[in-house]
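Two complexes come next, and they have one chain in common, chain A, joined by chain B in the first and chain C in the second.
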Partner chain A sequence: MSGAAARPGNALPRWMRVSLLVAPGFVLVMLPFLGAMTTLGAYSLNINSTDGSAAGFHVWSRFLGDPFSWKVIWTSVRIAALATVFTLLLAYPTAAALLRLRNPLFTGLAYVALFSPLLMSVVSRSYGWMLLLSETGFVNALLGQLGLGPYRLIFNETGVIIAIVHVIMPYAVLPILNIMTQVPGLYNEAARDLGASGFTLFRRVTLPLTLPGIVVAAEIVFALSISAFVTPSLLGAGRVQTLSQMIYENIGLIEWAMAAVQAIVLLLTALAVLFVLERVNRSTHAAKGD
Partner chain B sequence: MADVELRNVSKLFGAGKVVDDIDLQVERGEFFSLLGPSGCGKTTTLRMIAGLEAPTSGDVMIRGQRVNDVPIEKRATNLVFQKMALFPHMNVFDNVAFGLTIKRMPRAEIRRKVEAMLAVVSLEDFIARPVTGLSGGQQQRVAIARALVNEPAVLLLDEPLGALDLKLQLRLQRELRQIQKATGTTFIYVTHNQAEALTMSDRLAVMNGGRIEQLGTPAEMYLAPATSFVASFIGRTNLLEGRIASVCAGAARIEAGGLSFLLPAGGATSGERLALSLRPERIALVGAGQGQTQGRIAEVEFMGATVLYRVALAAGPTLLVQALAGNAPLAGGTSVGLDFAQDAAVPIRATTVSEDTE
Partner chain C sequence: MHDSLFKRVALQVILIGVILFMLAPILIVVVNSFNASPFNAWPPTGFTLEWYRKVFANPHFRTGAINSVKVGLLSTALVLVLGTPIAYALARFRLRGLAAIRAILFAPLVVPRVAIGFSLFVLFIATGAGLYGTFAGLVLAHAILMLPFVVTILAASFGEVDPIVEEAARDLGAAPVSTFFRVVLPQIRGALVVSGLFAFITSFDEVETTIFLVKPAVNTLPVEMYHFLEQYQDPTLAALSTLLILFTLVIALVLPFAVRGKALLKMMGSERHGS
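This part shows the complex of A and B:
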C-alpha cells in the first residue's frame, strides 16, 4: 500500500507531488540563502577584493587570531544562552497557566498580552526599556521604594538580556504550550495514583514528557537571541559588543571581507548550539524507544 | 471487614447528579464489578474511590478509614486505566518500578519485586523493553503490574480491556482472574460489558442513572433480576407485562401477553400487575401445533453455536427464542410451536422503564 498506484486518480508520481509542494518554499528560502552563503564565502576569502589585496584565508586568520574576536563570540553566546534560559524559565509556567485557563475571555487576553511585544517596533520597544530601566526610571524608582538600588540596568548585559527575553517570550511559549496540550493528563493521574506529587511528579513525569517542546523552544529562542542586533545596540550602547554589531560596524567601514567572516562565524556558532540541542532532543526520543 | 465502603455517596457535576446516593461494601479479596451503560456513573464512582474525584456528599471508606480528604497519592488504591497510561519515556522496568522508587525502597528490593511482578503477568522477558514497542495486551499487563507491585489494598480497573480485540479480551479476562486469585487483592472492576462482568466477578453492582439497580452474584443477577433494567441489561430477555389471574395454595397463575405461568405467589394477590422476564433460552422450539403457544419465525439471527429467533406469536407479542444451531437453522416464515416450563419466567417486583427488551 505505497506509491502512486495505491491511490486511484492521482496522475503524478509521488516524488513529483512532493517536489511541487516544496518548490515555493524552497525558491523563497533556500535559493537566497544558498546565494548569500556563496557570496559571503567568496567575500570572506577576499576574492573580489576592492583594495587589491590577494585572495586567501588572511582575513580569517586576522579575525581568529585576535583575542578580542573570541571575547565578542563568547559575549554573544553568553547573552543568547542567558536570554534562552531566562525565557524558558518564564515561558514554561506561562504555558502551563495558559493551558489551565478555562474562560475563553481570559485566554484571549492572555494571548494579547503575550504577543504584545511583537506588535511594537524593535526601536520603540528598546527605547521603552531604556526609559524603564534607567537610573531614574520606573524600575529603579520602585526598587528605591523598597530601599534597594539604584542598579545599573541599561548599557550593560543585564539590560540587553531583559529586553531580548521580553520580545522572544512568545516564540518559546507556543512550542511548549503545544507539547503540553499533546501530553495527556492521564500520565499525571497515573503518576499521582502511584504516589508521586509536587516536584517529584514534575521531575519524573511532566518535565521529561514536555522536554521535546522545551528543546524546540530553546532552539528558536537561541537563534533569535544570538542574531539580535537592534536591542543589544540600543540597550548596550556600544558597551556590550556582540557579533551582530561588529558585522554592522564592518559593513559601515566597507570591510566586506571581515563582515563576511564574522557573519559566517555567527552562523556556525548558532548551528553548533542548535546541533547540541538537537542531540539532546534525539536522546530523549531514544529513551522513549522510537 | 470491608476493604471499600461507600456511604450515601453522591457526586454532582454542575446541576447533574452523576452518582446518586450510593451505598456499597466490597469485601477483602473480592472481585467486584461495577457494570452499567456509559454515563451510568460507574467510572465516577471508581474515580471517587481512587481519589481522582471528591464526593459531593457521603463518605468513602478504605479499610475502615474515611478517606474523603486523603489525596490520591496517599491512598492505598492503585488504578489501571482504560487507555494506555504507561509512561512513554520509561521502559517496562522503570514503569513498574515507578511507585516503589517514589517510596524510596532499596534498589535491590525494587529489582526483586518488579521481576516477581513481571513474572506474574508473564512479561519477565520484556523488562528492558521500551513500552512503546509493546502490543496493546502487553501494555495493559504492564499497567496491571505497575499498579499491583505497590501491593494496594484495592486495585481499581477502569475498563482495562475495552481497547483490546475480542480474543485478547477473553484471554486477559482469564489472566486477570488468575492474578486476582493468586495475589488475593481486592479488585474493583468497571465495565459496560455484561459478559465480562458475569464471567469475572464474585459480586457485581449494576448501575443505571447514577444509582445501583441491583447488587449480588452473577447468578443472582441473571436468574433473579430485581428490575427490568437489570433483566434486559444482563443477557437478553423477553419482558412481559403480566397480571395475576388467581392465587391458589401459594402459587400464582399469571397471564402475560397471552401466555400463562405458574409461579410462587410470595404474598402477591389476585389482580396485581407485574413484569415478567422470560429468557430466550428457556423457550423451546417445537413442531407447529405443539407446545404452549403458536407463532411464526419473523427473523433469524445466526450466532454460531446458537440461533436467535424472533417469533411473532399469534397471541400478539414477539418473543426472542434461543436454540442450539444444530445442523440447519429454521428459515424465516416457518410456523412453529413454543414450549416452556410453567415456572420459566421470573417476576420482577420493582419495575423501571426500559427502552429495549434486548
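This part shows the complex of A and C:
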C-alpha cells in the first residue's frame, strides 16, 4: 500500500481505515464474547448470588474441596485422552493408506466416506451409535451370530469413547494427510539406501518428520473431545459424568456460580493440554532446525 | 513406493475398516428409518414409512427446522458482512493493534463450546438485555463461533488477490470503496460461497452452545432432536436424520458447482491457522 496515502481517495490515515474495517465486527461479535468471559469470571466469584450468600472464592473452594469434582475432572480428561489416542492410532495409517491409493475413483469414494460424516448433525451420529451399540443392536446381533455376547457397549465409557472417536476422526486425518503430502519421498529413499528398513525407517525417519501433523491433530481432537456434550450425554445416559454435562445440569438447578466455576475449570483444563502439546510441537520444530 | 506386501495389505485393511467405521452410524440410521420395529430391533422386523409420517406430524420438529434455517441464514449473513472487512484488514494492513484483534478473534476456538454457551447465558441474564431465549441471542452466539473460520478463509483468499490490481483500479480513478466492491470482492467469490456454506452448516448443526441459550419457542432442530432422544428412541429420529442427511448432501453437491479451484481443500486445511 506504499504511496497510497498520496492519493486524494485515501485521505484517511491507515489506523483509521483499519479501525473502520474492524469496528463493526469488534463491537457486535468480539466485545460480547469478551463480556461473556468476564461475566463468567464474575459469576464464579458469586457476584450474582442466587441464594443470598456473599461474594468470594467460597464456590471455588466448595468445588475444589469436593472429591466428586476431581472424579468428574478425571473422567473428562480420561475420556478425551483415550479418544485422542485411539483416533490418532487409526487416523495415521488411514492417512498413509489414502495417499497410496492410485485409482482416482477409489480415492474420491474414500474421501467422501471419511469426511461426509462432518455434514451430519452430532445428534444424528450419536443416535446412530446408540442403535449400533445397544443390547439388541447391530453389533451385538452380529456378535451373537458368532456365539459371543451380548456385551454392554452403551451407557458406559466404552460407548462414549467409540462415538467420540467417530465424531473427531475427520479432524485428525486432515492435518496428518496435510503433513504427509509435504514430506518428500526422497528422505525414505535415502534412508533405505543407507540400509534402514521397515520399522526402523518408520521410527527414525517417517514418524519424526510427520510428528508436527500428529501434534496438530492431537490439539484439535483433544479440545473437541473434552468439550463434547451431546455424545457423552446421550451414550452415557447419566452414567458417565463429565464436566460439560455438570455445567448443563447446574443451570437447571440454578447453581450458576458452581456452573461458572466448572466452565472455567473446563476451559483451563483444555488450555493446559493445548499448552503442553504446543510445547511438544515447538520442540519438534526446534529439533528439525526451523 | 517399495512397501512390503504385508505393509500394503495392512494399510488397505485399516483404511477399509476405518471407512466402514465412519459409514456405519449413517447406514444404520438410514436402514433403521424403515424398520417396522418401534424398539429398533435388529434385524429389522419389516418395512414401514410410518416414522417419516411421524416426523412430518411432529410440530416441534417443524418449528425447530424453521428456527434453524432462520438462525442459520441470519448468522451466516452477519458473519459474512462483519467478517469480510476484518479479513481484508488482516490481509492488507500491518499494524500493531491488529495482533490484538487477531488474538481476540481466534480466542473462541480454544474455549469449549459448552463454556461459550454458559458464559453467554450469564451475560444475557446479567445485562438484562433480553437476549436470552431470542433469535438475536442465538444469532450472536453462532456468529461468535463462526467468525474465526470465516475470517481465516476470507483472509487467505484476499492474500491471493494481487494488490497491483487494486492500485491499477485506483490509478484509473476508482474510489477505494468502489474498488473494493467492483475489483477485489468478485475475485474472492469462491471463498465467500465456501465460507458461507460452511457457516450455515455449522450453525444448522450446532447444539453445544445453543442449548444454553434457547427457550422452547426458539428451539433449533438439533436441540429438539436432542431432547426427543432423551425421552424416546423409536425410529422417528432415524427418519428425521435421513431427511437431514439428504438435505446436507444437496447443499454439499452445490459446492463443486459454486466453487472453482481448490478453495474447498484450502478451507479444510485452514481451520486452525490462527489458533
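We adopt the following convention: the second predicted complex is superposed on the first by the 256 of 290 C-alpha atoms of A that agree within 3 Å, B and C clash if a C-alpha of one lies under 4 Å from a C-alpha of the other, contacts with A are read in each partner's own complex, and residues count from 1 in each chain.
Everything below uses one rule, namely that contacts are C-beta pairs under 8 Å (C-beta built on N, C-alpha and C of every residue); 3 or more make two chains touch, one makes a residue touch a chain.
Treat the numbers as computed from the prediction; the structure is a model and nothing was measured.
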* Given the superposition on chain A, are chain B and chain C in a clash or a fit? -> fit
* Asked: Between chain B (first) and chain C (second), which does A:Leu209 come into contact with in this model arrangement: first, second, both, or neither?
  -> first
* To do: Going by the touch definition up top, name the partner, chain B or chain C, that contacts more of chain A.
  => C
* Asked: If you stack the two complexes on chain A, which partner ends up touching A:Asp193: first (chain B), second (chain C), both, or neither?
  -> first
* Can A:Pro32 be said to touch chain B (first), chain C (second), both, or neither? -> second
* To do: Return first, second, both or neither, reflecting whether A:Ala259 touches chain B, chain C, both chains, or no partner chain.
  => second
* **Least C-alpha distance (whole Å) that remains between chain C and chain B when both complexes are overlaid** => 8
* Asked: On chain A, what residues does chain B touch that chain C touches as well?
  -> 192
* Residues of chain B that touch chain A when the two form their complex -> 50-52, 71-74, 77-79, 81, 83, 85-91, 98-99, 102-103, 129-133, 146-147, 150
* **Partner chain C, residues of chain A touching it in the complex** => 1, 4, 7, 9-10, 14-15, 17-18, 20-22, 24-26, 28-30, 32-37, 39-40, 42-43, 48, 90-91, 93-94, 96-98, 100-101, 110, 113-117, 119-132, 134, 136-138, 141, 163, 166, 169-171, 174-175, 178, 185, 192, 198, 216, 219-220, 223, 226-230, 233-234, 243-244, 247-248, 251, 256, 259-260, 263-264, 266-267, 270-271, 274
* Structure fact -> So, in the complex, the side of chain C touching chain A is made of residues 1-4, 7-8, 10-12, 14-15, 18-19, 21-26, 28-29, 32, 39-43, 78-79, 81-83, 85-86, 88-89, 92-93, 95, 97-98, 101, 104-105, 107-108, 110-116, 118-123, 125-127, 140, 143-144, 147, 163, 167, 170, 175-176, 201, 204-205, 207-208, 211-212, 222, 225-226, 229-230, 233, 237-238, 241, 244-245, 248-249, 251-252, 268-269, 271-272
* **Complex interface listing, chain A residues touching chain B** => 184, 186-187, 189-197, 200, 204-205, 208-209, 284, 287-290
